[in-house]
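Here is the structure we will look at.
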Amino acid sequence: SSDKSATGGTETTAAETTAAVETTAAETTAAGGELDKVTLQLKWLPQSQFMGYYVAAEKGYYEEEGIDIEILPGGSDIIPEQNVYNGVANIGVTWVSSLMTYQAQGYELQEIAQIFQKSGLLLVSKAETGIASPEDLAGKKVGNWFGGNEYEILALLEKYQLDKNSDLELVQQDYTMDQVKEGSIDAASAMTYNEFGLLLESGIAKEDLNVIDMNDEGVAMMEDCLFVNSEWAAENEDLIVRFLRASIKGWAEASANPQAAGEIVYNVDKSVSLEHQVYMAEEVAKLVVPEGFDPANIGSIDMAAIQQTADYLALYNKDLAATPVVDDSTFTAKYWEEATK
Amino acid sequence: MEAFNYTDTTEFMERDFSNSKETGTEIKIENVSMVFPDKNGGEPVTALQNVNLEIKQGEFISLLGPSGCGKTTLLRLIADLLQPTSGNITVRGETPRDVRLKKKYGIVFQNPVLYDWRTIRRNVCMPMELMGMKKSERTARVTKMLELVGLLDFGKHYPYELSGGMQQRVGIARALAIKPEILLMDEPFSALDEFTREKLQIDLLRIWNKTNKTVIFVTHNISEAVFLSDRVVVLSPHPGRVSAVVDIDLPRPRDMECRQTPEFFDYMTKIRNSFEGV
Amino acid sequence: MKDKIKNIVLPASFGILMIALWEGRMIHKLLGFKPFQLPIPSEIIKTLSKNFNKAIIDTLTTVNGALVGLVIGCIIGFLVAVIATQFPKWGYTGLTVIATFNAIPIVALSPIMNRWFESGFGQKVGVVTVVCMGAMAINSYRGLNDLKPFARDLMQSYAASEKEVFFKLRLPNCLPSIFTAIKINVPAALMAAMISEYFAASTSGLGFGVKDNLRKGMMAMGWSYIVMASLVGIILYLFIIVVERRAIKWHASQR
Amino acid sequence: MISKKERLRVNIVWVIGIFLVWELGAFFLAGVLNDPMADAKLPYLHTIFWVIIQNFSELLGAAGLTFSRAILGFILGAGVGFLLAIVMSLSKTVEKIAFPYLIFSQMVPVLGLAPIIFNLVRDMNTSRTIIAAYITFFPVSVNMLSGLTSVDNEKKELMYSYAAGKKSIYFKLMIPYSLPYLFAGLKIAAPMSVTASILVDMLGSSGGIGVKLLYSLYSGTKDMFWASVFTSAAMGIISYSIILILEKKFIPWKKEVVQKEGA
Amino acid sequence: MEAFNYTDTTEFMERDFSNSKETGTEIKIENVSMVFPDKNGGEPVTALQNVNLEIKQGEFISLLGPSGCGKTTLLRLIADLLQPTSGNITVRGETPRDVRLKKKYGIVFQNPVLYDWRTIRRNVCMPMELMGMKKSERTARVTKMLELVGLLDFGKHYPYELSGGMQQRVGIARALAIKPEILLMDEPFSALDEFTREKLQIDLLRIWNKTNKTVIFVTHNISEAVFLSDRVVVLSPHPGRVSAVVDIDLPRPRDMECRQTPEFFDYMTKIRNSFEGV
């Protein structure tokens, strides 16, 4: 499988973070022999948002399934859908809305598991801006990252009959939270598990922040999911099932013990403080296993929620090539069902 | 002239005499005109107008004429560095281009045109490299050539470290080094003192004598032209035309003494007069 | 005149050939691409014409910032070269400092500029300025100092002041190098302006359009922005060449 | 000519000067204006240095990775730029044909380029190197070309008169003549190759200054962000200095000019 | 010589005669040596060694000597374009630097040194701009100067469009245009034909006569040196030293006829011999 690893984009360096993951895998595989190479393309940088995979890798769950996992970090110029479609990676993590736009273009990509059951997106603003409810967004400067991350915000505005062009100013956020801090934008998008935490850590008290939660507003769209190239999937059904089994195991463990999961992720990349990784882990756990959600169903695809996402998307993305198709060919539960049998 | 070593430097200049016996027409210039358009909207400059000239194989011809009359232009036309606006030039029955591509020309430019990034030795070496000469032969020849022009000590210097006259001598050494069959020299000795000049004149004649080159020699020095040439061509300016052709029938080999003879002075006067008639 | 026609016809026909190959999906076959991965020209044009007004506004937004930044960056770069020339002992190090800015990626510059400037325009100008300084400083330093032999002696023999040496000798001598630098900086400025928009607090501009659309997989739209950027780049470049031909007609490169 | 020792002294003064100006600016922002974003706009330099010292080995490792990639990208990019310039100088027609495409090439952002390059070579590491080279080649090309087109007519005529072949003309005249221009281009490209390499780091690489930069930017660790920026600047200085040294070695005949400047 | 207009072009050359009566020492060269280190590790070149020379105010001095003997170097030292390795030069009791800064020098360089980006007119104009002359005056003077050197028709051309000799004449016109008090001319007529040369010699003498300039004139032409000079200084090469100083006591004003006199030939012989003694 060495030739495959070349196409996977591995870096054999000292700073290699995934190497650390691979070498710490304690147990050997049941098969004992050849491992199947799988590369996973993350949507963003290694952080607790993806803790399930790191825990599974660390604990050797992938190896148990006969998988040699390689986790590729995301970045500003990385599009998981492109990478998975082109074969840079086998499996990718992305948001459902983003996946749907690609599917609508003709990319034969299919979702295989829905990791986050809830939306993690918030609109936060400093209390002094007086944005107590979405109506107050009128006349304000509201930030988002765009590039496929904006549909929930658009849905929210639609719900409150705010015109995105005339009633307020929608602007792009950079990757920092400085714009809210310095006041150059009034309300910023923030993920519960990341940016929101960063704001709190930077010394702003929770009481001084107003928060609009997409779930509460009923405009939530589905976020982190796992997807594959349909063609590749057809040839690797068993591998996908094994991958899912190990991943779900990792996610279950991580959600049950976010503290430990945060530490594992921190050991992969120390750019962020341990506290923040743990905080993120705890918040992510709430999205993966929401209150009242059976941990046995981690990764299950809620077609109704997917359909809502598709509806909003069709509503707010005027340039969408086609209406999103929501069926088994695009959102395929069979792998998950097989894996959780 | 302590700068020079008067060793005989000509023996290595010998060339293949296979076709040196035929003394037919070497260069034929027919009705050649050259007009330079002025790119800035001014009037075009007619550098040469209807020039006709035949140069025989092995002949030593001097071009004389006032500044700006088109001597350099004529040389550049013969060497295929310029194409005439009208008229025709043939060299050995071929186009100048063919002859150039056969590497028959050796040119001493009016400015030395040295390559800044090469030492003096390597500047002289350059044409030989282009000829694909062996390194050992090149080295030997460069040494002899630099000796000839009195610059042996300066071989490792760069051009900017040389005086104007020294640079000009490098240009001469470079042109002679490849033993060209047709030698075009544009005021080669203008920046040299009379003694260096006389020495190089004698050397040049010796080389020419031995090797039967065709030489076209531009100069402003009438005495030099008479001393060296078989024929002196006087050009008149604006536009450049041939105003006189004077055959110099002084016996060869010539030496410094011949410069004192009355015939010599007669030729000089004749040429000077043809000049003034312009 | 004939040459001029040739100069237009040749690149154009080559371009048409390329576009035809692209349209005929030969390039897709070569790359193993599906049409939705790399949109074909007709689709790009269709998309572009559909969104033409917005594309024009976005283009103007970007080009304005790029041009202002280009001008400021070139002026700063030139001034550094002048200082390095006039005060060789103390100024020379300035060249290294300014060249070093080229090592700071726009990804890092943009957020810094976001802090310094409230407006997206200011941020863009700031980024482009930094990006353009180095090429101008280095090239114009070369032009100001690579004088022909004795050119400076002539000035000195007339006891020309440093100012006169500068304006009558160094500056004209430097013109060709300035044009070289501008040629490098025109595409660099446009690109920097675009990338800065990836992070800018606005939702307009070519860069935003490219990023937003490519990220969403809307390739035709994304590529139509790239086409716009290229057109602007080519037009600006042609403009520079025309100005150059007039300004330095005496130079060997223009004969 | 300014002696090496004096040059060193001047550089030290520069470093101290920059340090002081920066610190004063930072103090002005933070202490006088009380700008809440002072640590993002202009943090104290000594704190940045402190972070660099604390994370020295980590940064050094990352820098090493980025720099080695930068060198690779630079060599490839400079080589391609050089060759392109040669090809364009060979014929005006080629130049005319090529230049719109060169501009076009410069207008395709990495975001659009990366999948194309990957599909072409089907290997992520090779793609990274190619993309780094892609970003670097343009200034080299433009500068080299301007050198090649500036050769005096007389110098060319000398070559023509010996019926020198294209190859000889290039190796013995055009290229040596253009070296000063080429080096100007390299001086621009060398620090740019660091940028390119950092950008390529962000294409999912798991190490390098680019990753440090992106992570620290996103996670709001300002100190680390500035430390990474400084590390990349330091790499820029190093790469620039390498070119300066090479230039001195390769252009000995320019010594006189250099001397006059000092006078 | 249809290229020239022999109108009197000297009337505008008149200069302030306030201190022209004193004929004291103008330039004093004491024990001057100039060594060029070889930057490439070779031996240093001693261009001048212990040169002593006094030049009187209003004197016309020619420098002769073999190529590479240090003539140009001496000129550059006097003009403060080089600093001697040892020894001392004073001009009017001041350092060359002070005199240069007072804009007393006019130099004709051995190479024309024209600025590519300026037309011929504007090249000639350049020093006058530096003097802060009024535009109308500049224009008038440029016209006269170009007339003097026979290049009026080429005023709007760029240097590369001119022949070698034409470029050299532009350099002469440029130096004369500002009426310098000390004129340093480095082989100014070397690229000119004999007639243009003679015409310019006469013109130069006329200007010199009227304005009482001090002229230092480098040439390789012994006859030219004798014809023009009050004194001829012969340098010997490697290292450059003064090997002879010959006073020329021919009556002034001189004309072409004086070149045929036996005294003239005597001087030439004398100088030639002092040359050969080297």
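Chains: A, B, C, D and E, in written order; residue numbering restarts at 1 for each.
In this section, a residue touches a chain if its C-beta (ideal position, glycine included) is under 8 Å from a C-beta of that chain, and two chains touch if they have at least 3 such contacts.
Values in this document were obtained by computation on a predicted structure and should not be read as measured data.
Q: If you take the chains that touch subunit A and keep only those that also touch subunit C, what is left?
A: D
Q: Quick check: more C-beta contact pairs at A-D or at C-D?
A: C-D
Q: Distance from the CA centroid of subunit C to that of subunit D, rounded to the nearest Å?
A: Centres of subunit C and subunit D (C-alpha means) sit 16 Å apart.
Q: How big is the gap, in whole Å, between where the Cα atoms of subunit B centre and where those of subunit D centre?
A: 49
Q: Need the CA-centroid distance for the pair subunit B / subunit E, whole Å please.
A: 28
Q: Among the residues of subunit D, which ones contact at least 2 other chains?
A: 37, 40, 111, 115, 119, 153, 199, 202, 214, 217, 252, 256
Q: Give me the residues of subunit B that touch two or more other chains.
A: Counting only residues that touch two or more other chains, subunit B contributes 40, 111, 158, 160.
Q: Give me the residues of subunit C that touch two or more other chains.
A: Those would be 37, 107, 111, 115, 149, 211, 214-215, 251, 255.
Q: Note which residues of subunit C are touching subunit D in the complex, please.
A: 6-7, 10-11, 14-15, 18, 31-33, 37-38, 85, 88-90, 92-94, 96-97, 99-108, 111-112, 115-116, 134-135, 138-139, 142, 145-147, 152, 176-177, 179-180, 183-184, 186-188, 190-191, 194-195, 207, 210-211, 214-215, 222-223, 226, 229-230, 233-234, 237, 251-253, 255
Q: Would you mind writing out the residues of subunit D in touch with subunit A in their complex?
A: Residues 36-37, 40, 61-62, 65, 110-111, 114-115, 118-119, 122-125, 199, 202-208, 211-212, 214-221, 224 of subunit D touch subunit A in their complex.
Q: Subunit B touches which residues of subunit C in the complex?
A: Residues 149, 249.
Q: Quick check on the complex: what are the subunit E residues that touch subunit B?
A: Where subunit E meets subunit B, its residues are 1-3, 36, 38, 40, 42, 45, 64-68, 71-73, 110-111, 119, 156-158, 161-166, 168-169, 187, 190-197, 220-222, 237-238, 272, 275-276, 278.
Q: Quick check: in the complex, which residue numbers of subunit D touch subunit C?
A: Within the complex, subunit D touches subunit C at residues 2, 6-7, 10-11, 13-14, 18, 37, 40-41, 92-93, 96-97, 99-101, 103-104, 106-109, 111-112, 115-116, 119-120, 138-139, 142-143, 146, 149-153, 180-181, 184, 187-188, 190-192, 194-195, 198-199, 202, 210, 213-214, 217, 225, 228-229, 232-233, 235-237, 239-241, 257, 260-262.
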